[in-house]
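Okay, got some structures for you below.
You will see subunit A twice below: alongside subunit B first, and alongside subunit C after that.
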Partner chain A sequence: MGKIPKRLRRAFAISSVLFLGVLAVSPVKDLLQEWKQSRRDYVRFAETRPDTKQLLADFHPGIDQIWIPEMNVTDRCTTCHQGIHQASLLDVSVPQPFRAHTPMPHQVEKWGCVVCHRGQGLATEVREAHETTLAWEQPLLPVRYIQASCGVCHRGTLPETPQLDVGRELLVKLNCAGCHRLEGITRPAMLGPDLTSVGSKASRAWFYKWLKEPRTITDSNGNTTVDGVENEEEPRMPQFRLNEKELRALSAYLSSLRTGPAETAKLDPRVVAALERKPDTVDQGEVRFRQMFCTTCHSVAVTRAGETKLIGGEIGPELTKVGSKVNPDWLLAWLRNPQASMPHSQMPRYGWSDEDLYKVTRYILSKLTDPDLMSDVPRLEGPAQEEIQLGQRLFLEKGCASCHFVKGVSPQADFGPNLSNLGSKTLSQLEFSKAKIPRTLIAYIQAKITDPVSVNPAARMPQYQLAPRHLEALTTALLSMTGGPSSSGLAKLVVPAPKPGFHPAGAFGEVYERYKCYVCHRFNGYGGTLAPDLSYEGSRAQRSWLVAFLKNPQTLRPTLTLRMPQFNMTDAEAATLADYLAMVTQSPAVNLGSVTSKDLTPEAARLGKQLYEVKYQCRSCHTIGSSGGYVGPNLTNVGNWMNAAWIEEWLRDPQGLVPGTIEPRRTLPEQEVTALAAYLMTLRQGGAAKPAAPGAGSAR
Partner chain B sequence: MKRRHLSLLVALALTALATSCQQKTIAAKPDPLSRAYDVESDWNDPQKQIPLNYQQAQGKRVFYTYCVWCHADSSPAGPSNRSNLTPTPPLANDGATFNPLSDEFVRNTITLGGSAMGKSAMMPPWGRTLKPDEVQAVIVFMRAIAQPSYQPPARPGPQYSVK
Partner chain C sequence: MATTWTQQTLNHLRRTRAWKSIFRRGPARTNRTRSLAIFGNIFLHVLPVKVREKSLRLRATYYLGSFSFFLFVVLTVTGVLLMFYYHPAVPEAYRDMKDLRFVVANGVFLRNLHRLAAQVMVAAVFWHMFHVFFRGGYKPPHEFNWVVGVGLLLVTLFLSYTGYLLPWDQLAFWAITVGTNIISYVPILGHPIRFLLLGGNIIGENALLRFYVLHCVILPLAAVILIAVHFWRIQKDGGLTVREDHERKG
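Right after this comes the complex of A and B.
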């Protein structure tokens, strides 16, 4: 070997050192990995805690992972989130990532983390685990929206997920299913009103105003108010961005729709003649309107002490200015038989006398009005033929036909995009256009709802102005639609939504359908929640009381502002309902024959009175006469109302009879149960039970 | 030729170093309330939002179903039943009353009722209506909304010194 030049020797030395340096990069990098640092931090942190020994006993170096092959779960989150199981680290003062998980129904070892929190379970870097990166797309779900993950498997309502349930209700209420396909939400038979003969209901000017701004009716101070009154509820009809030409065309088209059957409801001319001149007809109409409790379903703006508030329920539309909207003939026909002009209407068919009907319509048409309602509508001539044709085309193009039925007009199928797997969309699948919003799925969904044009200039979607908590709830519900769980192991565990139904036939079915009992009351899990569940009403209430109540409903809970409307039922109808309820809606836990008058002795009643007043202090929640609390129902007349056997079983196990009732379940000895029932059965208003209405059959 | 090799080597080494030292981009700090399962507005100051974790949120739900009638100034049905009762029940956020009481005592009062703990018999026992988890959740919720705020009792000192 020849002599190696000095220069080469030096170059070789330098390159060797460099090479060594390069080789060292990898182990150093490995040592400085985030998860390793985090684990060193944890040891240091554990040493500052009082229970160091316990904490370090559970610690081992290396990557921690939860591996559940059947659910396709490999979650390494616990590598950094070391303290997740340590009860002593639950406090807020413990810094993340070491804090323990708050107690919850699903255990981390059995479910992993990603199933609920999303993100990347396999990643070992903080950013890759939590955010969208080039290779790992699914970001962590903010805890604010975490209920979306519950909804992936739990398709029904859960007490633990109020936000998700509100969101799903909003999806239904806002009629999203009209245009979009949604997971778990089926398209109902009716979304918006049937418009087949809407031209005979309201004027072209009203259509123009409504289409321009369905949510706001601006007052003289320029305050924008929702549906007549400041209110955070979103009206059912959303705002479409229509220009002047489109407004004119659509209003022309709608006012030309008079093809439906001409409804007529003639009043007895003698009644009209007698009442027409009377000065107090309108006032009497108002009294009747209140007595019938129309406000249980419809709200009306009331101004008290300078403050305008909406009073009433949300089942039907708000009525403050309805007198300026509807055509008198239409109103009369509607009140007589709502289903004749709108077959799917939830409005009951009241039993009207001609006098009442005339008085109430006069009240609606003269008091529930606003002379300035159409003041900002331009002069609209009779609709021109080309306007009507353009309106008809727009009716389809704008998607009106997706919610509103018009005879002879078939809607476009799947008008809006399918949203049933929106929750699992990755950023690369979303079009943000030039919107100045964070590039996240949540920001995208919220922008799309509140300002659709910002993310898609060609959007046909209407614009919604939702209260922040409603927007969050809606986002949660949409995020829960991921097209099903991510693995077959999880898919087996999906809890489907119960599909109850209660469609009685026969005479009862007819009355039940006529008065739409199910809109407010629940029967065997089917129906509304506004009013008491009637699944076991026959065990609870005495038949004579039921008949009297149906004829003239009075409230049992004085704090409630919404009450059962007076339907003006006939005696035969009330008897049919009471018979059916008494016969069919019986609880297996209550044996009506088990308590006889022999058990309810005066001595027992005396003991019961003492228990009621002193030992159990029932009066803190229940009222008798004029004293007591108002959490529970008023018991002044309970002896005429309830069955003794029901009271006894109720005292033993209230939640067994009505799940979720707030009456506390106590441990009462049998003797005290009988004594309390005996005492309660002595509480009768006006002495003995009211005689049943004539024709209603005999009381049991 | 050799020089070129050398420079190539140096360049390679530098690139390797550079990539290993690459700065991580820092994520924007999220809204603290976005980390909360639910929020409850401060009863004394509605502008202030108190973040709640899962357990506290469950407590909120149970509270607003069963307890709100007598332990708050308004109820879902409107007026509160509180003014109706003597002695007047404390508000759930009354830290002055509840903070000195241990979790154990509050739990027993809820499950066994007021009369069992020498308090008003108007407080019914909830032990057979609510599950132990739900009772615990209510306590945690009350602690979260307490005014003045609740400080958990100091932990017992370390049994073994670290060194």
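Right after this comes the complex of A and C.
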């Protein structure tokens, strides 16, 4: 044993010490792991808080995790986000990662964190948990887009997800489903306008102009911006990047689309002769245009103090320069019967007199024009046959047929890629090309919408000009398309969107369809939201008032700019609508027979007047006669308008009848309810109900 | 004195019944009792009773065989520890890799040690082979031990290859894709072998399970048996092949 040389012994000793030192590195690194440091920081932080004892009672060393096997969730986020449940740590002054979560509909213990926030729940390192790393491709979802996570399960609208809902509306409005398959977004019956006979509607020059730049209004600097970003109203037609040859070919093809001779809706020649020479025909046309409230659905640019603004609704197309676009014969035929040339059009079929029709078309064709509209369009000869053929091919190649119907042209199925799982795509699945944008899914989606060529030089996708708010909403909606949550075990948690529908048949159905009531009004959850919900209109309004209102809609809220158009209904049509509404659209909460004229005594009305004027100060919001506020509807004629039983129930529980109404709920004593109803029922203009404004129904 | 104290304790221990039941023989004081002690021990009997001093010198072997064996022991120990944390199943395998990093104490060290030792072992085994080859270690009477050594080389490589799939990441997946595609080019038997190895035609859960069983059970057992034979044959074939000039100097 003693033979081992000293040198060897020393070498053995030194190497042993070195070896032990190397082995010690690992436990030391283990001690300094990020999550362990964070927990030490938390203890130190808790000691500076007034409720140290409580905070430390909920604390234990070691890893904290939320484990929900049925959802395949293992989140260790709370290891560092230790104060997530502590109500006392909600304040913004609390440094992250210790701040508590703001109140929310889902509990952290039941749902974990990554189900909504994404990121890597298993990670215990800051970068791994939050960001895209070599081994993790689903980074944290920025809070701005967090509503996308709601949309993964909730397919309907929610009060908490306004941004998501706007985004989904945009997906429908911009016809994304025309080319792409999207989860939960069905292809509407009509996407873009039917182009079967568009050649008789507008000229080749106009097609050229429109295809080149669909935004039509030019501001003082020569930029085409107004019908677009500034008022957040995007044209539904995106911009295709077409070259001169393609523009010529497509415009040639479109102008060749005619189905026989254009329908000539002849006006009575005597009417034309009488009005033709009158100097004020155009002005009268403008008056009728305004009186009929065309601007409730169509917007028109108005220049005031050098600033151009679009005024009007978003349901129909913008009309500022429509006079330079449409062929006069087409316009006449269209206004007479929109569905004849476009069966799915949402435009109501107005009852026109020949005088009105002539005046309004004259106004549109002479005032809503722009002589310079086609100034930058080159001279276009009559379309050559080869141009038309090329145009027809381009119409399919560019995907026009995905949105626009042309008789005899069948669109290519699944023209664009399926986007049903876009929201869960990983970076390695995305093609960024040379785009100078951050390498994130969100940046990719936004680049793809606003400038597709930047990420894919061969993109067929057109580009959209969207307001930042709308771009974010659209991104949110797309991020919610994660291909179904089946992979994460959430499939059974999906809350499907309700599928309402209201398609009455019979006499009412016919009138309802003719005037497209559902475009603005909502019936039992189906229809537009522009105008009041009519699900319980029969409980609210008296039949006689309904008839009068339908014949001559006067606004009940003078501050609104969008009002019900005057349809020039016949008496029979108004009666049909009023009968149906009075009979069918009843609220179970209102019993019309419960209040009789015996209850509404003059004494009660006197007390009610006092309550109205003094105790409850109703007039700060409502107007009677000429005094009062403009927040609530005008009550001058409420005695003719509403049913007493509705008023009483309304006073008891307004939100019970119309959820979300701003009318305060005051829990009035029953005696005051009756008194106020009695007073309001005495408010009648001109005694009994009758059409009020002069000129109503004069169209016939 | 310390020596007498340790000596005394040892002598005392040797007289106990437990000691006698295990070792049977008394202290190894003569050459005969020493060799009996080696022969009578299952762990030691594969080793030679007598080693010439010259074959213990560093330049005689560079201890490459012992070093490879030492790495095999390290790999076995770390491998068994890793098995505690690993499921050979598709969603779990990769997650377990990450958990080693995120939550297992010294998990990164454990995994890196296993991986590093495996890579060094492949290098060591090759160096060992070249060294023996250039020393003429394959010549009679060592031919059979050379063949066993080649078998051990193949087992080492195959252990390394099967371990490569287990992390179940992209690198693993594609490495095994390439490897098994190469196998399928073997004439006639190629495709059946590939099918047998993968438990199917694609690299999926079955392949992962088969590779796991090969890596953790079959190949280590084969290695242990071959190592035992390898060691045993060194003494049976008359010790190590040492270069003539070393022998002369010694």
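One rule holds in what follows: the second predicted complex is superposed on the first by the 668 of 700 C-alpha atoms of A that agree within 3 Å, B and C clash if a C-alpha of one lies under 4 Å from a C-alpha of the other, contacts with A are read in each partner's own complex, and residues count from 1 in each chain.
The rule is simple: a residue touches a chain if its C-beta (ideal position, glycine included) is under 8 Å from a C-beta of that chain, and two chains touch if they have at least 3 such contacts.
All of these numbers come straight from a predicted model, not from anything done at the bench.
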Quiz item: Fit or clash for subunit B plus subunit C once both are placed on subunit A?
Solution: fit
Quiz prompt | If touched residues of subunit A are counted for subunit B and for subunit C, the larger one | solution = B
Quiz item: Taking the superposition as given, does A:Pro27 touch the first partner, subunit B, the second, subunit C, both, or neither?
Solution: second
Quiz item: When the two structures are overlaid on chain A, which partner does A:Thr450 contact: first (subunit B), second (subunit C), both, or neither?
Solution: neither
Quiz item: Once the shared chain is lined up, is A:Gln685 touching subunit B (first), subunit C (second), both, or neither of them?
Solution: neither
Quiz prompt | Contacts of A:Ser433 with subunit B and subunit C, given as first, second, both or neither | solution = neither
Quiz item: Should A:Asp91 be classified as contacting the first partner (subunit B), the second (subunit C), both, or neither?
Solution: first
Quiz item: Vertex at subunit A, arms to subunit B and subunit C: angle between C-alpha centres to the nearest 10°?
Solution: 70
Quiz item: With the two structures laid over each other on chain A, which partner does A:Gln671 touch: subunit B (first), subunit C (second), both, or neither?
Solution: neither
Quiz item: Can A:Gln107 be said to touch subunit B (first), subunit C (second), both, or neither?
Solution: neither
Exercise. Using the touch definition from the top, say if A:Ala135 reaches subunit B (first), subunit C (second), both or neither.
Key: second
Quiz item: Measuring by CA atoms in the overlay, how small does the subunit B-subunit C distance get, in Å?
Solution: 5
Quiz item: Which parts of subunit A are in contact with subunit B and also with subunit C?
Solution: 25, 29
Quiz item: Within the complex, which stretch of subunit A touches subunit B?
Solution: 8, 11, 14-15, 18-19, 21-22, 25, 28-29, 47, 49-53, 88, 91, 102-104, 127, 130-131, 142-144, 146, 159-160, 162-163, 438, 557, 559-561, 614-617, 620-621, 628-631, 654-655, 660, 662-667
Quiz item: In their shared complex, at which residues does subunit A touch subunit C?
Solution: 25-27, 29-30, 63, 76, 122-125, 128, 135
Practice problem: Can you check the complex and tell me which residues of subunit B touch subunit A? | Solution: 2, 6, 9-10, 12-13, 16-17, 20, 24-25, 27-28, 30, 33-38, 53-56, 58, 61, 65-66, 69-70, 75, 77-79, 81, 84-85, 115, 120-122, 124-126, 128-129, 133, 136, 152, 155-160, 162
Quiz prompt | subunit C residues touching subunit A - in the complex, by the definition given at the top | solution = 95, 98-99, 102-103, 105-106, 108-109, 169
